[in-house]
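Dropping the structures in below, format is structure tokens.
Next come two complexes built around subunit A: one with subunit B, the other with subunit C.
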Partner chain A sequence: MARAVVTMPAQAKRGEIIEIKTLAQHPMETGFRRTQTGELIPRDIIRRFTCTYNGVEVYRADLHPAIAANPLIAFTTIATETGTLTFQWVGDNGYTVTEIAPIRVE
Partner chain B sequence: MSFSAGVRFLLLAAACFISARALTAEIPLGERRSGYELMARETRAIQDDDATNPGMLWVLDGEALWNKKAGAADRSCADCHGDARESMKAVAARYPAFDTARGRPVNLEQRINGCRTGRQKAAPLAYESKDLLALSAYVARQSHGLPIRVTIDERTRPFLAAGKETFHRRQGQLNLSCALCHDDNWGKHLAGSVIPQAHPTGYPLYRLEWQGLGSLGRRLRNCLTGMRAQAPELGSDEFVDLELYLMWRAREMKIETPAVRP
Partner chain C sequence: MPTTRREFLIFAAVSLAAPAAAEAQLDPNLAASRKAAFQEALRRVVGDAQVRRGRVKLQLPPLIDNGNSVPLSVAVESPMTAADHVKAIHVLTEKNPLPDVVSVALGPRAGRASLATRVRLADTQTVTAIAQMSDGSFWSDSAEVVVTLSACLEEGLI
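Presenting the complex of A and B:
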């Protein structure tokens, strides 16, 4: 189960700054840890997070091995027009999660 | 050592013993504090907001499992119990509870597994497995903000006494008891960490150190390993008795599941 949760207002006034909080379920295995028998645990991390607003990229983050499990990414954007925000997390071993959230701008 | 010096030494030793005994007193009800109150502001903020609390990921997984059919009976939890928000309200707050079939108290995980094997005819879920943690987190979430009320009667009293005995018994190579830290020295520091009062108000909880959700059993094993004691198995009678004592000790405190701890 790969799960991600996005929390943001469903509607906003035009020009308003809105806060978006995202939480992705991921172990963020660093690739530096070993098992009890000494074998290296292969790296398994989210590498990139992007947020597009009606197709236009408004936020992007590169993630690295030192970032905690289940990364919380919170950011702001300006509510410009009614439409949808698309959130995508891409990582090792074919990990891809996409969430879509609608927003109504008045 | 002369005779009188020997007597004096014995008296001194006895006095030390008595004062040491007197020190391990229970925390007065009004002075009890959830581990939440001893945390940094930032960690409290993570717990307070469902949008940032990583424990909610397990709660959501638990909700999905609640409605998923399983086992030879092809039944889901919801098929019998309906909407968990109604049927499971305040349930976790009264566990461990007495189970007539086993003749002893069982914790929430054991009750869930009892349902799985008995009603769903499915294999029991392993302790600390993702699914069992998710289900217990989802069930316990329905008690969020409600007071802990375990039932203490003639059936459960012997197990409460056994749990209390475990809590006060010195064990391990460091010769420590739970009470020495959590009754006598809470609020002080053990290395960089504040010693909490050990009230199990938020289990299963998300520990930043674990980078994941864990049960009270896992936390107990952590402590016992730190004391260099032989830790009982998860779900063992000794742990369930101790869990019962800890829940009784935290009676009327509010459930915080899924809590976040450093």
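Presenting the complex of A and C:
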């Protein structure tokens, strides 16, 4: 059910700016839609995305219902040292997904 | 001035049809409350500070067939050093049920101040991106978009 994909280079030169694309599988239910019987469908969205590089936060996004289903977030960071990047999506109804990607810096 | 037929059509649609169509779709009370919500969201983001145009580049397709998934990207001109960098990027809409779209917190470690995502747009409207710099100044860019299929139309929101 809860899955996410991260696309980024596995290795980079020190100081290089690397591009990261992340995609999480999530319906991003807005909380404004109704069923055929007129009942409001409760909101169910991802609230926050964070990217940490060896434990240091480098990018954070607060998402709102206006983000399309299966949120794509693309951004950049500087390759500073060999280690891991941790991506975390936290949302309504206890939704938590964590992805870890290693990077080798020369 | 537009030269090709395609450019002319886009120009005509954006400049003539957009404001009239947008006003026709919203009932006056709803339009006023959305506007108030947008102003409040803007105040929450920038406080009393002045927002200047420039340095921010907001990219959206001018004509959107399906408002459910619209590619949006923001890039801010900044050296992204410890002394001078972008602290936050906010995207706001005028006529969505909620004005906030996304708020990003970043710093010099990001390398470039950029954001790319996909958003929902409920109506033909103006989308605004605001960047907060490390010196406390705010810069913005707006894009007018024409939405043919609203993200919320089937739910009878508009």
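Assume the second predicted complex is superposed on the first by the 106 of 106 C-alpha atoms of A that agree within 3 Å, B and C clash if a C-alpha of one lies under 4 Å from a C-alpha of the other, contacts with A are read in each partner's own complex, and residues count from 1 in each chain.
In this section, a residue touches a chain if its C-beta (ideal position, glycine included) is under 8 Å from a C-beta of that chain, and two chains touch if they have at least 3 such contacts.
These numbers come from a predicted model, not from an experiment.
Chemist: Touch check for A:Gln25: first (subunit B), second (subunit C), both, or neither?
Modeler: Touch status of A:Gln25: first partner only.
Chemist: Using the superposition on chain A described above, determine whether A:Ala68 touches subunit B (first), subunit C (second), both, or neither.
Modeler: both
Chemist: Applying the document's definition of touch, where does A:Arg3 land relative to subunit B and subunit C: first, second, both, or neither?
Modeler: It touches subunit B, and subunit C stays clear.
Chemist: Who does A:Arg60 touch here: subunit B (first), subunit C (second), both, or neither?
Modeler: second
Chemist: In the overlay, answer first, second, both or neither for which of subunit B and subunit C A:Ala12 touches.
Modeler: neither
Chemist: In the overlay, work out which of subunit B or subunit C sits against more residues of subunit A.
Modeler: Between subunit B and subunit C, the winner on subunit A residue contacts is C.
Chemist: Which of the two partners, first being subunit B and second being subunit C, lies in contact with A:Ile103: first, second, both, or neither?
Modeler: neither
Chemist: With both complexes overlaid on chain A, does A:Ile45 touch subunit B (first), subunit C (second), both or neither?
Modeler: neither
Chemist: So in the superposed three-chain picture, is A:Leu85 touching just subunit B, just subunit C, both, or none of them (first/second/both/neither)?
Modeler: So A:Leu85 meets neither subunit B nor subunit C here.
Chemist: Identify the residues of subunit A that lie in both the subunit B contact region and the subunit C contact region.
Modeler: The answer is residues 68-69, 72, 74 of subunit A.
Chemist: Help me check something: in the complex, which residues belonging to subunit C touch subunit A?
Modeler: 68-70, 73, 93, 96-98, 100-107, 109-112, 114-121, 152, 155-157
Chemist: In their shared complex, at which residues does subunit A touch subunit B?
Modeler: For subunit A paired with subunit B, touching residues are 1, 3, 5, 7, 21, 23, 25, 27-28, 68-70, 72, 74.
Chemist: Contact residues on subunit B for subunit A in the complex?
Modeler: Subunit B reaches subunit A through residues 46, 49-52, 54, 56-57, 60-61, 64, 208, 211-212.
Chemist: Please name which positions on subunit A make contact with subunit C in the complex.
Modeler: Listed in rising order, the residues of subunit A that touch subunit C are 17-18, 30, 32-34, 53, 56, 58-69, 71-78, 80.
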